[in-house]
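For reference, the structure I am asking about is given below.
The first chain written gets the first letter, and so on, giving A, B, C, D and E; residue counts start at 1 in each chain.
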Amino acid sequence: AGGEPPPEVPDGSPAKGRLLLSRYGCTSCHTVPGVEGDALVGPPLTSFGRRGYIAGELPNSGPNLQRWIRNPPAIEPGTAMPNLGVTEQDARDIAAYLFTLD
Amino acid sequence: MSIADAAGAYRAAEEAAGERVARHWPEGHGLRGWITTVDHKRIGRRYMVTAAVFFTLAGIEALVMRTQLALPEGKVVSPGVYDQLFSLHGTAMIFFFATPMLFGFGNFLLPLMLGTRDMAFPRFNAFGYWVFAAAGLFMFSSLLFGVAPNAGWFAYVPLSGARYTPDLNLDVYSLGLLFLGISTTGSGINFIATALKLRAPGMTLSRVPVFVWALVVTSFMVVFALPPLNLANAMLFLDRRFGTKFFVPTGGGDALLWQHLFWLFGHPDVYIIVLPALGIVSAIVPTFSRRPIAAYPVIVLATVATGIISFGVWVHHMFAVGLPQLAMTFFSAASIVITIPAGIQIFSWLGTMLLGRVVLAVPMLWALGFILVFVLGGVTGVMFAIVPFDQQSTDSYFVVAHFHYVLFGGAVFPIIGGVFYWWPKFTGRTTSVRAGLWSFWLVFAGFNLTFFPMHIAGLLGMPRRVYTFAPGLGWDAWNLLSTAGAYLLALGLLVTLSTLLYSLRRGAPAPPDPWGGETLEWATASPPPTHDFAVIPTVYSLHPLWDQRTLDSFHEESRSPLHVQADGHDVLRTTELDAEPQLGVEMPEDTPVPFVAAFGLLIAFTSLLLGGYLAAIAGAAVFGFSLMWWLWPRDRPGSSGGGERRGEGEGGGSAGGEREETSA
Amino acid sequence: MSVTRGQRAAASKRRAAPHRRVPPSGRTPAWWGMVMFVTTEGMIFACVLASYFYIRFSTRGPWPPGGIENPELTKPLVMTALLVSSSGPMLWADWAVRHGRTGQLKGGLALTLLLGATFLGLQGSEYMEKFKKFSWSENVYGSLFYGITGFHGTHVAVGLVMILFTIVAALRGKFSAKRHERVRLVAFYWHFVDAVWVFILFTIYLSPKL
Amino acid sequence: MTALAHGDDTGSWGWDAIAVTAWIVVAAGGYLAGLRVFAGRRPLAVPAGRPSRNVMRLSAAGAKRLGRWRVAAFAAGLLALATALLPPLDHLAGERFSAHMAQHMLLMVMAAPLLAAGAPGLVLPLVLPPRWRARLAALRHRSRTVLRPLYFPVTAWAVHSAVLWIWHLPAAYDLALDVEPVHVAEHACFLAAAWLLWWHAVTPTRHRLCPPVATLYLFVTALPAAALGAVLTLAPAPLYPSQAAAAAASGANPLADQQLAGLVMWMPADVVYFAAIVVFFLAWMGTAERGNDAMTLPASSSEEAGR
Amino acid sequence: APSTLSPAGVGARRVAGLWWLLFGISVVVAVLVALLLAWVMARRTRAGVHARTGSGRAFVVTMGVVLPAIVLAFVYAVGLRDLRDLAVPRDPHALVIEVVGHQWWWEVRYPASGFVTANEIHVPTGSTVRLRLSTADVNHSFWVPQLAVKTDLIAGRVNEMWLRAEHDGVYRGQCAEYCGLQHGHMAVHVIAQPAAEFASWLAGQARPAAVPAGGAPARGLRVLEASSCAACHTVRGTRADGKVGPDLTHVGGRRFLAAGAIPNTPGYLGGWISDSQSIKPGNAMPPQPLAPEDLRSLIAYLGTLR
């Protein structure tokens, strides 16, 4: 995955986001292209940059994605995705990486 | 008439007696000839080709394994498949490649080196091949059904018991090895009988080529070492299938008993593999050093001693299982002692070369590469013999590095060198020197690049038999190097293979003796005719073809019926120790019975595997009845009377020189 | 069993005149084949008996374990007498065929066959008794008992088939004073099976009492 | 026959030790006397007219004829016998399993081969008066059919293995420890079986096995012996109650003592067998290089053939 | 890296020294042979060279028997000394830890303190610890390369070994005997701590699990007791008393989950509970279909178990 941030998240670092995906354990539920793991608990995050909605709830934009990553139950109370305590900067980097997937 | 060289000897003998003898040694053609042949040369070549196929398959398995291990957290194969891959790779390389390949060399070369016309039991020889092929089919086809052995090549209980591996995987393992054991034991017995009874007159035991000594010692080791393995596998099968408790601790059995029985076989087995390979080196080095091997009695003694000591070191594979320290000191000492025969052989070759005039032909390059690589593998073996170091490094990649250095370096290098050396004899063609050089250097580089980093990975704490590893433990780079090396090695082997195949199609025809060798096989055509020797020479020394008396005997003995044996499909029998000629023995003709018997066994083992015990009994019955058909005493034409087979020296004696019946 | 120095000395004397031909003597390849085959079989028996002792000496508590009582001796001793004595007629048959007496050859073989078959029958009846007390999946002692005696019984059965084969061939007049190698090899195998039984008797039946 | 017994607990030289010494002295004397006769079979070139009565010189001549190393071997064998059966080791053997096994090993792989190499069967009968010797020969001739199995190496191997294993079963072993005559019988069995075994390998008569066969023979002998050693070494608990009690009483760890004993059974025997194999083999192979003189090395110009 | 060449324990240090000795000897032998080979290739292949017919026996016996025998006798003696020094010490006061291997995780018991944990072994730095090794199923092997040589866990037997860490630190080890599908994911971590820290750790582990006050963790505790977790896992102080899987009483305080397969973060924990089979295929814990809300509260609860 590339070095420069995608337009949706101009100040995030995709390279760092890729590492963070495995550090927070996202890959234990999601299959993420470019990161090890093939779990299917949550939806696969393939081609995420071209998705319309996040979790069927929010329009897929940079800020929305960061909100979702930082606290999913706040957006969709019944979701199985837990609040993983992702910091603001980390959420930005993760979102940046996810938007490079298309 | 004085004969100048081996080619002259061959020509003189053919002129004198070729036609008379060839009449009785017809060659079978077509499919029928292919199935019924008992010619040791065809069977030997067949062994080698089949073993090479298994080598390729097992090597491709290794490539898949290396690809999986190239990067951390690899996802090329699932853990279940990886386990089957490394288990089948080890099992196949040890049992279905190394031993049969070297037995193929033995089959082809033993009668030629001894100056006779066939193995002692030609039909048994064919049977051994068919059993080997069937067992290989049995074992490898399991991979297609996903039930290949998956508990490693030594299949420790309880993991290999029915409780932890309920599927057929280990039934395939135990039955496949029992099946193969029939072939290996049979070949060993055949080599022993041949080497004891069918040597050319005058070839006393102290004039036997080192390669033959190696093969005979190996055969004795097979006879003594295979029983523990067969027993262990039979017990494992009974435990798994019929609920016996040999290895089940809760039933009073002992999980370590398996390890003792397996390694009581397993350690002698690694020398069963390496001794014939060292024998090949002992055949190549003198030829290209232009002098006899240095310290022949000592190297023969070293071979015998290796065989004997190897039965006393098995516990060095079990230094970490918690045995009494005293026992470990003993096995440590024995493992150290066994390096001395190895050192003797190394320095015997080095001495030969230092005193000789070395010709760096392609086979010699492989021998030189072998010496370096084998010493590197040997010294790590000596490290393991020191108990504390072994306890630290056992079951790590350091062990994997050791045994690939001694197995690939110690067995495959000589095998490839031997193929290049005897290729003219096997096929009647010569190989390209430049391609041979490419092949050697590619394999040499690829080999070291593959297996040297494994030492380091092992020292860095990487255990073996892991299907993947976590990043960041310092193992990534070494594994990547190994994988790159494995591909380079595969490329080198591909070049080797294509060199040989090209030679088979386009190579120049080979003379009888392209290298100026010292042993009798070079005094035959390339490839030898069905009867090998038209005149059986008399041997006066260790290096018959460098000895004027033996060269002359090819011509002189052509008047002696004893040495020509032209009255039938006969070979000459001599005494065990001093090779005094005794009498002619009639050899069996081509027959399909070995094929049928092996097929019956295949049915029996497959049915046992699948639980069809009635069909298994039926298969065993096919085997039994074909054996009876085989062994039924037949009156051969000419054996009822008038079969006097003695030299011109004596008239009628009371102890008549009748022909002998052969039993196998 | 082996070549002694006497023959060697004679041979070295003969070597002085390289072209003198000697009458045939010594062993045949088939003899060596049978010897090596018997060696490897003997090695299997050695390993299985060693496994028995290994298990026995590493078992804590009584042996046989699990409340199985010591094997009683009367029937095994009768079986031993039968099997060991069956080597006698076999020797007789071997001697007879070497002297061209094929009638006695058949008699000796038939007697051996009878004794061996009786042995197997007794072993079967012993199994029937034992099986009421313990099976091979009971514990490791059961596995060893049935495993070892069964393995030997299989060898006896194979030996009987070989003898039967030889009898049929003898009835067809295949053997004579000059052609009898198969008889000698079968006899060799049979003596081996007998000798192994003595070791098994000692291991399975006697050693628990020692 | 208490000659082969262990010493009692008094620690002094008891009657048994004296008896052992006496037997050894008698054997040595008989052997020397036999050597004298052995030398006398062929008239020696003595200085003219001076019949010598020098016993030692005649014995030395006999030794030369028999082979000096054989005489030395017999002497060493008697020494090994003495070491095994006389107090320092004999006392320790009562307490330590390992010492007891050392005693057995001395008997079986030191004393037996050395004594057998001394060929006393050839030498000792010469001491007897000629009439007795003739009677002995006649007896041996008459019993030859009965004794023939003794000349099969297989017999020696089977007897040796059986003796070794039977005496090491717990009941038999403890019985030997408790009852002195049984113990003597045990040692006699060991010595006799091993003697018969080695006789095949080292006898000067025509029955000696040729070296390749002897190699195989010693190898198959080593297997059951090593297996017994392995079983003892690897057993997880003491096997012999009274031996363990004695060891514990003397302050040793019974299990460690048993492991050491197993090793003592295992290793020295294997070393001796292996050394014997090497010696036989080299002596036999020494003749191998005689053929090298008549060799024409391949011409140096065959370099082209090589490349 | 868990390297045998950066030892941090007494046993491993001895063996590392032994390795350098063996390595030196091996280099000498290999270089000697390589030099002889080079000599042959350089000097014995020229045009003017003639083969000589001597037997060469003296050379072979000297180089192949005499010199190696001397070197090997020396090496053997050194090895014996190290072997004797590495024997299990008979120190009655040493801390005894029982390690039970399972497919594919380590059960760790502190008999003196009477608690059970998993996959992480805490030891006091500088003092000798005896490990009593046994297995619940197949053979495994306990190997922490930086601390001590490995010892196998053999079915039906109990083996002993000892280790003494010289410095504080976390030392990774791994099962070194092939034990089935997930043999590659059977790591163990030994954590060497100063004695005081170790004592407080012991005390903390001996306590039962804390009861959460309310909120998501309290609900998580109810989920744990009501669902199948309780059938396999023990959490001391709750109704969960299963014996199939690792003890979870203080799982929140561990560094890794599932024998080193994944880090112990809420994300990984959630993924592990939902579908451990995609993380460690073939392990004995089945996927747990839980309601989303239950899963989240369970993660929260397990996170509080420190």
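We take it that contacts are C-beta pairs under 8 Å (C-beta built on N, C-alpha and C of every residue); 3 or more make two chains touch, one makes a residue touch a chain.
Chain labels with UniProt names: B = Cytochrome c oxidase subunit 1; C = cytochrome-c oxidase; D = Cytochrome c oxidase assembly protein.
As the structure is a prediction and not an experimental result, all values here were calculated from the model.
*Asks:* Touching both chain A and chain B: give me those chains, sorted by label.
*Replies:* The shared contacts of chain A and chain B, listed by label, come to E.
*Asks:* Through how few touching steps can chain B be joined to chain D?
*Replies:* Step count on the best path from chain B to chain D: 1.
*Asks:* Between what two chains do the most C-beta pairs come into contact?
*Replies:* Greatest number of C-beta pairs in contact occurs for B-E.
*Asks:* Whose Cα centre is nearest the centre of all Cα atoms in view?
*Replies:* Taking the mean of all protein C-alpha atoms as reference, the closest chain is B.
*Asks:* If I average the CA coordinates per chain, which chain comes out farthest from chain A?
*Replies:* Computed centres place D farthest from chain A.
*Asks:* Per the centroid of Cα atoms for each chain, what is the distance between chain A and chain C, given in Å?
*Replies:* 77
*Asks:* Just give me the whole-number Å value for how far the CA centre of chain B lies from that of chain C.
*Replies:* Computed from C-alpha means, the inter-chain centre distance equals 31 Å.
*Asks:* Please report how many Å separate the Cα centroid of chain A from that of chain D, as a whole number.
*Replies:* Each chain's C-alpha centroid was found; their separation is 84 Å.
*Asks:* CA centre of chain D versus CA centre of chain E: separation in Å?
*Replies:* 51
*Asks:* Please list all residues of chain B that touch 2 or more other chains.
*Replies:* Correct list: 224, 254, 260, 290-292, 296-297, 329, 333, 357, 359-360, 577.
*Asks:* Would you pick out the residues of chain A that each touch at least 2 other chains?
*Replies:* Answer for chain A, listing residues that touch two or more other chains: 38.
*Asks:* For chain E, give me the residues that contact two or more of the other chains.
*Replies:* If we look for residues of chain E contacting two or more partner chains, we find 50-51, 53, 55.
*Asks:* Under the touch definition given earlier, write down the residues of chain E that touch chain B in their complex.
*Replies:* The contact residues of chain E facing chain B are 1-5, 11-12, 14-15, 18-19, 22, 25-26, 29-30, 33-34, 36-37, 39-41, 44-45, 49-57, 59-61, 63-65, 68-69, 72, 75-76, 78-80, 82-84, 86-87, 103, 137-139, 141, 143, 145-146, 149-152, 154-157, 159-160, 172, 174-184, 187, 260, 281-282.
*Asks:* Would you mind writing out the residues of chain C in touch with chain D in their complex?
*Replies:* 1-6, 8-9, 39, 43, 46, 50, 53-54, 57-58, 60, 195, 199, 202, 207, 209-210
*Asks:* In their shared complex, at which residues does chain B touch chain A?
*Replies:* Those residues of chain B that touch chain A are 73, 75.
*Asks:* In their complex, what parts of chain C are in touch with chain B?
*Replies:* 3, 8, 11-12, 14-15, 18-30, 32-34, 36-37, 39-41, 43-44, 46-48, 51, 54-55, 58-59, 65-66, 136-144, 146-147, 161, 165, 169, 174-175, 178-179, 181-182, 185
*Asks:* For the complex, which residues does chain B have touching chain E?
*Replies:* Interface residues on the chain B side: 78-80, 83, 151-152, 156-159, 164, 249-250, 254-256, 289-292, 294-299, 302, 320-322, 325, 328-329, 332-333, 336-337, 339-340, 343-348, 350-360, 368, 371-372, 375-376, 379-380, 382-383, 385-389, 391-396, 459-461, 463-470, 473-475.
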